[in-house]
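In the two assemblies presented below, subunit A is common to both, partnered first by subunit B and then by subunit C.
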Partner chain A sequence: MSEVITDKLAGRATANDVTVTVGATATQSLEQGLAKAWISVSGSVAIYGSFNISSATDHGTGDYSFDMNNAFASVNAYCQTATVFTSAQGRTSTRNSGRDAAGTLAAEVSDASGTLSDGSSNQAAHGDLA
Partner chain B sequence: MSTLKADTIVAADGTSPVTLTKQSAAKAWCSADGSASVSGSFNISAGTDHGTGDFSYSLTSSFSSVNYSQSSVAVTGAEDSSATRNSDRDTSSVLACEVVSSGSLSNKGNNIIAHGDLA
Partner chain C sequence: MAGKIIADTLEHSTAGSVTTDYVVNGSAKAWIDIPLGAASINDSFNVSSLDDDGTGDFGVNVTNSFGNAFHVPTASNSNASSTVLVNCVVDSKTTSAIEASTIYVSSTANRTFIDRDAHITSHGDLA
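Now for the complex of A and B:
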């Protein structure tokens, strides 16, 4: 097996345009497949681990936002997914469209009855950075 | 610091997938509204609204099987909402989700991401 060791990888013509082989025949943009931000955080916004996150804010019961170091190009063009980090069944996390922004991931955590509830969650986001 | 500049990276045999050290890139993702209108995406060719809360998204390049990993979330200000992967409609070339709010299928925004091996 050959191995390339480098500190930085960039497109030859366009810095963020590198194509990789990802299937038997399929090729894809490397940049588009990489997560641009993620966070594992408690229900009181203690950050367990994160990437491209500058701070976490608790806006009230089950209502959180996470500011990014480097923002997305626009709020509508990125994809955020989430899951609640808990041993209790039925809890969910939404992407909060009332608070998200190009530079802010937002989530609401609910209990099994659908009521906002403080809870740990994991969030990840993909898309084009500004 | 060394910088490698290239347009395309392929495994040494010229055809196989490239291995990223301790990383796996997403193979598809999309952000869509409650009518499956896609506002941002990667490897998605089209969104389809099958009825209330029932959405699917066709892939440009398919997975090698239906056994890929998909996660989904409802995009809404209504906290009593969630999105599932719809096992009745997903295939190796179609991501599918159902969005529920207050216990009933609901036309709300949804974000989906999928990881796995492409064909």
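Now for the complex of A and C:
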């Protein structure tokens, strides 16, 4: 078994351009495939676990934002996926485009009728950091 | 010639180590940020094109295909200022495409299409 011990991987020509083999022959960008931020958070913004998240803010019932340590290049430069984890039926979590920013993930949690409701959620985002 | 490292483990001096199968399997193989109406692509990775199949109905075509149809798309959408609860759902998937839609459920219809910003990420094995 081979092992690389290092604190940093960087491309020779371009720092964020490292190729990794991900199929029988297919390759892809290592940087592009990595989640740049994720958070598992309660409905009262207690952070269960996170990566590249500096703080979580509760803006009211079911209305949350999560500031990042290192921001994305722009508000449209990332793909945010979300889910809720709750025993209540019919709840969902969506990205809140009325509050998000390059350095802020924003999310809402709603109940089955579409009304904002406090709830735990998971958020993850892929894209290009600034 | 480009440099190449063949290794089973990566180890950081303080943050721990990860076997490289987690890097390969844990990396998203495709993702896309779709603006309202699916008329364009905000940003994406390993996506060749986006089909606008009608209101709230779209298809994402990937550049490098998955090895099988059992890759795992996750989807979400923006819901700001909405008066109905909208969800982005994956309708079907093949090795080279993900068909998805943004819909809401009302008291009279189980599935009503509506345009929303949408975000899809998929993990799995490329061919």
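Definition applied: the second predicted complex is superposed on the first by the 129 of 130 C-alpha atoms of A that agree within 3 Å, B and C clash if a C-alpha of one lies under 4 Å from a C-alpha of the other, contacts with A are read in each partner's own complex, and residues count from 1 in each chain.
Criterion: a residue touches a chain if its C-beta (ideal position, glycine included) is under 8 Å from a C-beta of that chain, and two chains touch if they have at least 3 such contacts.
All of these numbers come straight from a predicted model, not from anything done at the bench.
Aligning the two structures on subunit A places subunit B and subunit C in a clash.
Look at A:L30: by the touch rule set out above, it reaches both subunit B and subunit C. Look at A:A10: by the touch rule set out above, it reaches subunit B but stays clear of subunit C.
In the superposition on chain A, contact is made by A:A112 with subunit C only, not with subunit B. By the touch criterion defined above, A:Y78 reaches both subunit B and subunit C. Counting contacts as defined above, subunit A residues 1-2, 4, 6-7, 9, 12, 19-26, 28-30, 32-35, 76-83, 92-98, 108, 110, 114, 124, 126-128 meet subunit B in one complex and subunit C in the other.
Subunit B contributes residues 1-12, 15-18, 23, 25-27, 29-31, 39-43, 61, 64, 71-82, 102-103, 109, 111-113, 117-119 to its touches with subunit A in the complex.
By the touch criterion given at the top, residues 2-3, 5-14, 17, 23-24, 27-29, 31-33, 35, 42-46, 64, 67, 74-87, 104, 117, 119-121, 125-127 of subunit C touch subunit A in their complex. Here subunit A touches subunit B in the complex through residues 1-2, 4, 6-13, 17-30, 32-35, 62, 74, 76-83, 92-98, 108-110, 114-116, 124, 126-128, going by the rule given at the top. Those residues of subunit A whose C-beta lies close enough to touch subunit C in the complex are 1-7, 9, 12, 19-26, 28-30, 32-35, 76-83, 92-99, 108, 110-114, 124, 126-128.
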